[in-house]
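Which chain is which? They are A, B, C and D, in the order written, and residues in each are numbered from 1.
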Amino acid sequence: MEFWKEDFYSLKFAEKKRDDTIIINIGPQHPATHGVLRVLAELYGEYIVRSECVLGYLHRMQEKMGEIKTYPQFYPNTGRLDYGHALAWNWAYVGAIEKLVGIEVPEKAEYIRVITTELNRIASHLLWWGVYILDLGAFTPVMYAFEDREILLDILQRITGSRLTYAYFRFGGVFQDIDSKFIEDTKKFCKRMHSRLNLYHEFVTENIIFKKRVEDVGIFTKDTITKYGATGPVARGSGIKYDVRKAEPYGVYDRFKFKIPVEDKCDCLARYMVRMKELEQSLSIVEQAIEGLPEGDFKNKKTPKMIKPPAGEVYFSVESARGKVGIYIVSDGGMNPYRVKLRSPTYSNLSLLDEVSKGMMLADYVATLGSLDLVIPEIDK
Amino acid sequence: MSGVEWTFIKIVIGMLLILGFIAFNAILLGYGERKISGFIQGRLGPYAVGPHGSLQMMVDMVKLMTKQIITPKKADGFLFWTAPILSFMSVPVLFMVIPFSPSFTVINSGLGIVIILAFSGLNVLALCIGGLGSNNKWSLLGAARAVSQFIAFEVPILLVVLSITLMTGTLSLSEIISKQGGFPWQWNIVLQPIAFVIMFVASLAEMNRVPFDLPEGESELTAGYSTEYGGMGFGLFVLAEYTHIVVASSVITTLFLGGWKGPVFSGIWWFLLKMYILCFIILWIRWAFPRVRFDQLLNLSWKYLIPAGIFNLLATALLVKLF
Amino acid sequence: MELLKGLDIKLISDERLKGSKYQILISPEILRKVVSKFREEGYFLEDVMAMEFKECLHLLYRFNHFENPGTATVRVSIDKEPAEIETISDIYSGALWHEREVFEFFGITFKNHPDLKPLLLPAEDFEGHPLRKTEKDMKSIKDVFPMFFDETDQEEEQS
Amino acid sequence: MATITKEIKEILKGIKSLFVGMKITGKYMIKPKVTVNYPWKTVGKEALEGFRMVIQLVPVPANGKSHKCIACGMCARSCPSNCIKLDVKQTVEEIELPDGKKKKKVNKNLEGFYVDFSLCSVCGLCVEVCPTKTLTFSNYPYIVGTTRNDFVYNILEDFNKRYGKE
């Protein structure tokens, strides 16, 4: 009884197969693909002749849910799109609606949004760092990264109520105010994090085996980046100085002094260093935001109970840990949006891998995949 | 009873003792590996079974034994099931030759090193057969990597062993130990530091231990050659790997650290102490380094270890000639 | 938009279209020329999306620039029956995936796209295009985007 | 010659970095452990202070026995994954207005407030939209069940059990 049927994609992929190669599935269930990404690769010995990503294993048709549910009802979905940096997606959706309807956000709420989103960015980078070194074969750094990340998640959990898929923002502010214990814990965390970053650099960045595994591996030229529309640390690793917080400032980001780390060696080490420097920048943003925290209420009292924006469209983009997150909403005056489009950064970042991975070794492919910092629910939408 | 029966009985008793020693060591190292990895990563390691998790390995052994025996579809049944047996079969022979202490050596043969080098090659044959036989592309890649890695790292070990025998003039292990003195500065490690480093790195690679564990690199080949094995097949592979750690560290202690000779009253406890320190270091290394890429691994051997081995050999030959 | 001088494009600026610097309405024929102009200028492709209205299928190509940021949205309307348009995947290879996604959600075929096969939805046992609107909540483009049709067209319709 | 010295210097630096890696892991071996040994010790009450779990009814601070839910169904309508189900007994009674006009007064009282927690995404829309602010989040995370409807809670009954209505 032939229960196993050759599936559509591997049949089409196998048509152009050379005879001295084998086709393997870096399948939906594989330690190096964080989540359910499947890559069909044609291997000649250790080298990849060509590869193709097969997506859709985690597809939930988020955009149709956006059209069925009302404006507030679709909001929890944004926390489930990129669970690494959920608050960025929350901010994108809430910012889009505020811009569409024209809701004013009080001063203190903007500061709280900056603090919690930057803390969430640090947690996302820590998750990426631990798991990236795990891909390269070392089992201990992920535990050190999670040790710090757990402290951070406890701080955020007290205020936002959840640890990974947040639903903390509201139209016109935030769900709950932050108290003195939150501020004190964050200060303690930031001070401790500076010394922990030195430990990370000492332990991994200077390690010769790590360096050899990562230096000039997976070169993305500037032209590939613009052709595929990759943004975020992947683009900044190839010498492109583009960060939505500085390019199209939103919220109160223009009040803080922070640099955009850019490396121009275009390889995995450059993307690694960009993210490590971004950790320090986020820490300094959080410290500046905590000092300048103004008084005021955490939510705009006059937000309309019923969100029924007039006919029109809005496109609002935010800088998440993985790149430029954009939400495009067309409203036709009704209760539900007419069309919701979610622009996810790793979707474009991953699309350039098919072209770049020709002639790569399998171990380099795994290293490059890790350096892209993929989150599959954001790609499959 | 003439000499022949006596040596035959001695060998049988020795074999039983060695099997007991291997089983004890496998459990000790398995438990040690989890505890060390736990302590290094800021957690406790096994805690539930027995006081502080000490009986965890017993439970694991029972679990592995009771697992269903599955042969993958279209896999070559004979090859698939001889691989674990073969990989575990070569190990007890190695222990027969190692001089734990004057009274505890099973066979005091004049060609100790040659036997060790010969039988340690069997393990790779087992990996290769296992990888090929399990009809899985991943294990095929793992098998190919295992074979080329072993060939690359067999040559440095030969060079090191050659320089040691050149220096001490004998091939039997017990004489090598007798030539070394009790105090640390009389051991071979002082006379041949480069050889010790080459031997340590090369035997790390031969045991497929991190940073050279490419044949079963989890994050690339999803457990390499042992992907299709479950239950006792996998259990035998793990057992063989742990026993190889013990064999390699005991070989290094005999060649470099003066075997059972110790500063005060030398005996088997010195041998065990040095060996377990070496095992501890090998286990410790596993949790500190990422994995090397495959071509860097081969470059390391062909470009660095072998030239260093040859240089070391020439240097010892010169020194032996002078003194 | 100085770089698109030669082509007959329609720049729209209306406070109801929020969030992108330029709104450019063009006809499907000159799409490839506009896109290759953007490519020379160094714009990167953000995404390609589509919407369904009563009269037409409305496609949006969104570009942005790394050095002088600001979203430029190119809007194209194509009619529903032969729902097809040329591909831009040879100019922007990032559009390969975007166009496959629009193809499976809306059924718009992109002419000479290298391998137009479903990207996210199951390939064999799924028919239909999920993001197409049902009759009940299909809107006309005139009430959602009235600003696309300047006053002259509206008089013709009414009269 | 320069490249060779650079090469050797790099190798030495590399080997030093290996020993640094060993030193760090070694120091970690002696440091106190960071994890909580779950079945034997739990995280403790104050660590779960703001954690969001099943919603629950809030007792009226005055007498601490009754709740203010008027069974209006706003929460059930606003929930994105509609996991709230109220069964309400409606009774219609005639009341006499002072100026003699008859007026039917519909009063609903709550029989059961069912929340299917396996569908809930803890977004907090119901807590916010409730006109009488009678819903809040509980924070006991150790819930366990063997079938799907183990997770359907009747929070009215829990409220009565906890606050002992007569």
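Keep this in mind: a contact is a pair of C-beta atoms (placed from the backbone, for glycine too) under 8 Å apart; a residue touches a chain by one contact, two chains touch by 3 or more.
Please read all numbers here as calculations on a predicted model, not as lab measurements.
> Comparing the two chain pairs, does B-D have more C-beta contacts than A-C, or is it the other way round?
The greater number of contacts lies at A-C.
> Counting in whole Å, what is the centre-to-centre distance of chain A and chain C, each centre being its mean C-alpha position?
26
> On a C-alpha centroid basis, what's the spacing between chain B and chain C, in Å?
It comes to 64 Å between the two C-alpha centres.
> Per the centroid of Cα atoms for each chain, what is the distance between chain B and chain D, given in Å?
Taking the average C-alpha coordinate of chain B and of chain D, the gap between them is 53 Å.
> Measure off the straight-line distance from the CA centroid of chain C to the CA centroid of chain D, and report it in whole Å.
42
> Check each residue of chain D and list the ones that touch at least two other chains.
18, 21, 24-25, 28, 34
> Could you list which residues of chain A touch at least two other chains?
In chain A, residues 140, 144, 147, 207, 209 touch at least two other chains, as defined above.
> Where in chain B do residues touch two or more other chains at once?
As it turns out, chain B has residues touching two or more other chains at 40-43, 287-289.
> I'd like to see which chains touch which, written out pair by pair.
Touching chain pairs, listed by label, come out as A-B, A-C, A-D, B-D.
> Provide the residue numbers of chain A that touch chain B in the complex, in ascending order.
Against chain B, the touching part of chain A is residues 22, 24, 30-32, 43, 45-46, 133-140, 143-144, 147, 204, 207, 209-210, 212-213, 361-364, 366.
> If you look only at chain B, which of its residues touch chain A in the complex?
On the chain B side, the touching residues are 37, 40-43, 137-138, 140-141, 144, 210-211, 213, 217-222, 286-296.
> Which bits of chain D are touching chain A when the two form their complex?
Residues 10, 13-15, 17-18, 20-21, 24-25, 28, 34, 47, 49-52, 78-80, 121-125, 128, 137 of chain D touch chain A in their complex.
> Looking at the complex, which residues from chain D come into contact with chain B?
It is residues 18, 21-22, 24-26, 28-29, 31, 33-35, 37, 39-40 of chain D that touch chain B.
> Write out the stretch or stretches of chain C touching chain A in their complex.
16-20, 42-47, 49, 51, 60, 62, 64, 66, 69-71, 73, 92-94, 96-97, 105, 115, 117-124, 130-131, 137, 139, 143-146
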